[in-house]
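Two complexes are shown next, each including subunit A; its partner changes from subunit B in the first to subunit C in the second.
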Partner chain A sequence: MADSSVPVRLASAAPNARVRRVPSKAMLRYGHLWFVLPGLVFFFSVMIFPAIFALGISLTNWSGLGTNFQFVGLDNFTNALSHWPFYRAAINNFYIFISILIFQHTVGLFIAVQLNEKPRFMQFYRTVLFLPVIISLVSTGFIWTLMLSSNIGFLNPMLEDIGLGFLARNWLSDTATALPTVIAVTAWNSLGWSVVLYLAGLQNIPEELKQAAQIDGANGWQIFWRVIFPLLSPSFTSLTVLTFIGTFRTFDVVYVLTGPLGSPAYRTDVLGTLIYRTAFGGSGFSNSDIRMSFAIAMALILFFAMALICWGMIVVLRKREIQS
Partner chain B sequence: MTFSAPASAPRRRRTSARRSKLIFGLLRGVFLSLVSLIVIIPIAYMVLASFKTVPEFFGNPYGLPSTWAWDNYTRAWQDAHISITLPNTIIVTALSVVASTFLAALIAYGISRKEKPFAMGLYTLFVAGLLVPINMIALPLFFLIKWLGLFGTLFALILPYTAIGLPLGVLVLTPIAATLPRDLVSAAQVDGANEWQIFWRVVLPLMKPGLISVMILNGVWMWNEFFIPLIIAFKPESQTMPVGIVAFIGAYSTEWGLVFASVVVSTGPVVFAYLLMTRQFQSGLTAGAIKG
Partner chain C sequence: MKHKLMKSLLVGILLASTALPSPAQDKTVLTMWHNHPEWKDRVEAILVKFEEENPTIDIQLEEIAGTNYTTRLNTALAAGEAPDLFGLSPGPDTAAAAAAGYSVDLTDKLDISGLTPSAKAAVTIDGKVWSAPILGSYTVGLYYHRKVFADNGLTPPSNQSEFMALCQTLKDKGIVPMIAPAQDGIIPAFLYMMMASSVLKADGFDAVRKGTRKLTDPDVVKAAYFLRDIYTCFQDGSLATPYVEGKALFALGKGAMLEGGSADYAGFLETNPDIDVGVVPFPAVDGGTPATVTGMEAPYNINATSKNIDAAVTFLQWMMGKEPAQMVVDTITLTTTEGVVPSDNRVMKEMIEAGRSNDVRVFYELPETGGVFGAIQQNAAALFLGEMSPEDFSKALQDTVKPSGS
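Presenting the complex of A and B:
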């Protein structure tokens, strides 16, 4: 109703308007580009131009400070590919990715299935479980710094009080538990994605399909794996890609929980912190360690690798969607 | 008697089925409550911590604060520069969200018809922007902003936020713009509306649900963004809250009460908005995820 009133209002204004010019041919053909122009100028100057500029810097040995630089060709790229910390960070990212991926597709899916049974207070559960997604990664980092702190925290005194004191430890400074802790915090923050995405997928499945399978004599387990799960593959695809992009961009959580050095002993060092440190210098890093061009080369390698893997994942997973 | 035996078997089966359903329902409730507690406890614990004094952190780790230290908040307002960074965050987020959504709507309408020249190419170009890592363009961006004389102002953040928000906006809005009924547009044309009037009065109102999704989608990350201000904004005058808090903790690492009060202030508004519009937040955020 509200929409239909719009042309009417325009019509009443028409008598006052000038006689309309017939739009020229060029205007008809290219007129739409006027709408794109402001955004394009913006996009070009703030994203594309800096990206090209970054590509240029990556071919020099510029440190980011001063004006001394030389053209060094692809040296930064070859150095990055033989730079051990680069791989160490990538491996940590990979651990985070795989763990979160498994967590989302098991725990997240299980919770979504439970919520789809429409229990009492479902709206409440759903609201609560998605809440951490809204909370910033910086705040999440602080929340868990507090929870896990060895002297002011929640977890260690709690463990001691229920007689499990031997489990208490310095979660974030122990080399064995630092990375798993970062993963757990990331899982806490991102669980809501899988719950809501899978729940949306489950709610789209028509009830008749399940009933038909039931009549054919399938049990609950069979119905889930043969009927329901294949129909969830769009949720599976978007969740997997989303998790991949999110985990390989991990930065805020690590920066707040274990600092820009990825302490202890680089156990939680990820590509985000490595590139940041190399480009701008972290705490404990002197200016002489800053190698902007090298950092940008690493960021570019990451960008191309991620774009390629994302594209591959989407192709493979979409194909799977069609088959099922 | 002979008839009652077969009749009672299904009844018994039905009651046992009902009982197992009840048990499963109970287990489900317990499980979901436990998971919800894992989400709620840390948040609640931090809110409590924001009312505690430093000695109480050590003496009374998980009880209620014995006296509620409201002055954590008043001191955070001054010492942690919340009085500056909170308005900054509001201004930066509001302006960037509006600018970015408006520009994205213009682009989406412009390229929504596939048969027009360059439409698909432009669409691909904008959407490819989603993959550009921020740390790659951060330094050139830094120089661009210095060169424009915007360094130290809020525009140093608004400009990149608006541009980085565009790809998501174009991604979500272009399919919506493409399905708008063309009859309405041509009807407006017949009535003598020019292109601009058509966009403003016909297209924009019709895209409203999509626009709300995009605003939520971009608003949440802009409010929470940490990396860009970490590199571009060095002083409280131009910082937003996430960076302001991290900078503050570097300076006063033992003032935990103040830090958590700041975190509560920075998280509160988004959580409040989320609780008011849970549906829109969930569908808006997942709309971007599914298309991405």
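Presenting the complex of A and C:
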């Protein structure tokens, strides 16, 4: 049998015609890997290798300064799992997640349904609603700090000017309003995502299904709940998982709005600010509270916990999609 | 032919340009990081003076906001990307950098005989010199707006009772008694240090370092009570007010008093050139002595990986001289060079006078009490909100003390 990797000259070809190489079986089966190799190399060098390196550091007592450290095994991980501030911050992240999830699946869905009716200036509304998403979270934090500040903000004076002075608060320093304020700012920033995702899902629903339901006598609410909403399952899944990841990674907005300590009195402290503070310290005056390897251990616990929860979410929600 | 001629001409020009001396190559460039952007113009004026006298050395200054400085510097040091000259708090931080091999040993390179005794002690660790205090020291006391006090017939308080009474008087007149940006806990930390120092004084603080006195002693716990009570005198939203916003609010006259350091005055002038303030030592816990605390503005280390160590040494030595020290004390903050006094800066003179009352080192510069500052930051808000008792607060601080006798 002829070797398929050997150049083959067609019998009908002219004597000087170029020889066509036939790809080998290995090349046919694995040749695509050459195309993904650059991306894989990049992925390994900026994601996998640093993660492995971080895991190594988390097994030591390195403070973050100098080269003097010892191997301590899993001490950092066991300490992190019994570290009350870790759970306190995680609970705040959970509150943010639940609040944003409910907001996006209600308000976001409602707005998407309205935009799906293609009102006048629909493009304008969609652009305006998505604008906060493209503003960086640091900029978002600064904008809202200026608005909400008790001293230089304009929200409280505006409320007083329109006769709603009784609503004025120390939004970011009052323990009752600080976290809800952070949640409100996050919701404002992320609303555009839910609108865009749900709008895309709505636009993929065949019109015939709604017409068939109308013919069968279903009213508007029944059409939405029994026909449209089940078909939005993929959007629901995507949004839920993305919201979970986004809210448990919260850092920028909290850091800018309430500082590295999650003021007041840790009411807005989240896992991001806790890990940052533990790794780099909470002030510019002293390095005495820096514990880099402990911070990395907390970050790794968070990573694995999030991965596990995301996997569980996707499994459960995909089943729901299939049933729908 | 024409094409070959053009090519030859081009090659000739390129070769000739490499033979020409480049003036920039004769200059040594030193990179320097600093953590007071509000001083930029004043520091650059001093650097320009140095460059005039040392034309072969250029200093490239980068200003980084104080609250981000430590994070950026630590990351740069770990990555090997720190500048030639970087400032670090004296004491534990400088010792850690020296132990890690980040800093050059300056013991036989620098002459520090012209420094004040406290400055010499601050930069000497186990007999070795690792840094130079080139941008002075700071003393922290109580600033007050002189016009507000004069218009209302008030005098600055000297103890807790007077302070709280003054606080109520000002509130009754619709004036915010005290600006305190407490978001990151830095101001409460300085407040506590002065309140505790009013009870301990220098001797008592040394005793805490040795372990023969504690921050949980009944008389020292009164400082925690004072700190808790003073919260009612702060501006609205103090727990969410960032550090720099608070300083600006005071400079603009939004509050009558501010706990601040000599290093803050330059920043006040940047915000409000017409500011008219006075300085007194911070009021004492009843029965104590009004106190100030003093620390070094981050002394400068030379990066051990710098390619221009000799030039950096030249710069540091020059900065400790009388002329640059005079520029520092006249335009920025107190100096650490012996025999240099403010020529015409009333506020600096008042700050020096305030320090004569009862001055104690800032706690975080010393290995025994280095952790107290962070503990105050982390627990002050709970104390203010009544979620933590003054006794538990004092205990949390004491738990971080590592007495030298232990």
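Following the convention adopted for this analysis, the second predicted complex is superposed on the first by the 278 of 324 C-alpha atoms of A that agree within 3 Å, B and C clash if a C-alpha of one lies under 4 Å from a C-alpha of the other, contacts with A are read in each partner's own complex, and residues count from 1 in each chain.
Quick note on the criterion: a residue touches a chain if its C-beta (ideal position, glycine included) is under 8 Å from a C-beta of that chain, and two chains touch if they have at least 3 such contacts.
From a predicted model like this one, the values you see are computed outputs, not experimental measurements.
Asks: Just subunit B (first), just subunit C (second), both, or neither: which does A:Leu232 touch?
Replies: neither
Asks: Which holds for A:Thr67: it touches subunit B only (first), subunit C only (second), both, or neither?
Replies: So A:Thr67 only meets subunit C here.
Asks: Look at A:Leu137 in the shared chain and tell me whether it touches subunit B only, subunit C only, both, or neither; answer first, second, both or neither.
Replies: first
Asks: I want to verify the contact counts: of subunit B and subunit C, which reaches more residues of subunit A?
Replies: Comparing touch counts on subunit A for subunit B and subunit C gives B.
Asks: Once the structures are superposed on A, label A:Ile152 by its partner contacts, choosing first (subunit B), second (subunit C), both or neither.
Replies: both
Asks: After superposition on the shared chain, which partner residues are touched by A:Gln114: those of subunit B (first), subunit C (second), both, or neither?
Replies: First partner only, subunit B.
Asks: Applying the document's definition of touch, where does A:Phe280 land relative to subunit B and subunit C: first, second, both, or neither?
Replies: It touches subunit B and subunit C both.
Asks: If we overlay the two complexes on their shared chain A, which of subunit B and subunit C does A:Thr258 touch? Say first, second, both or neither.
Replies: In the superposed model, A:Thr258 contacts subunit C only, not subunit B.
Asks: Figure out whether A:Leu172 sits in contact with subunit B (first) or subunit C (second), or with both, or with neither.
Replies: A:Leu172: touches subunit C, not subunit B.
Asks: For subunit A, which residues lie in the overlap of the subunit B contacts and the subunit C contacts?
Replies: Residues 64, 151-152, 280, which sit in both footprints.
Asks: Can you tell me which positions in subunit B touch subunit A when the two form their complex?
Replies: Residues of subunit B touching subunit A: 25, 28-29, 31-32, 35-36, 38-43, 45-46, 49, 57-58, 61-62, 103-104, 106-107, 109-111, 113, 116-119, 122, 125-126, 129, 131-133, 135-141, 143-144, 159-160, 162-164, 166, 170, 184, 187-188, 191-195, 197, 199, 201-202, 205-206, 220, 223-224, 226-227, 231, 242, 245-246, 256, 259-260, 263, 266-267, 270-271, 274-275, 278, 281-282, 285-286, 289-290, 292.
Asks: Help me check something: in the complex, which residues belonging to subunit A touch subunit C?
Replies: Residues 63-68, 145, 149-152, 170-173, 175, 178, 257-261, 263-266, 280-290.
Asks: Within the complex, which stretch of subunit A touches subunit B?
Replies: Result: residues 2-3, 6-7, 9-11, 13-14, 17, 20, 29-36, 38-40, 42-43, 45-47, 49-51, 53-54, 57, 64, 111, 114-115, 117, 119-121, 123-139, 142-144, 146-147, 151-154, 157-158, 188, 191, 193, 196-197, 200, 234, 238-239, 241-242, 245, 249, 251-252, 255-256, 272, 275-276, 279-280, 292, 295-296, 299-300, 302-303, 306-307, 310 of subunit A touch subunit B.
Asks: Can you check the complex and tell me which residues of subunit C touch subunit A?
Replies: Listed in rising order, the residues are 35, 66-71, 74-75, 77-78, 89, 92-93, 96-97, 99-102, 182-186, 189, 235-242, 245, 249, 254, 364, 370-371, 373-374, 377-378, 381-382, 384-385, 387, 400.
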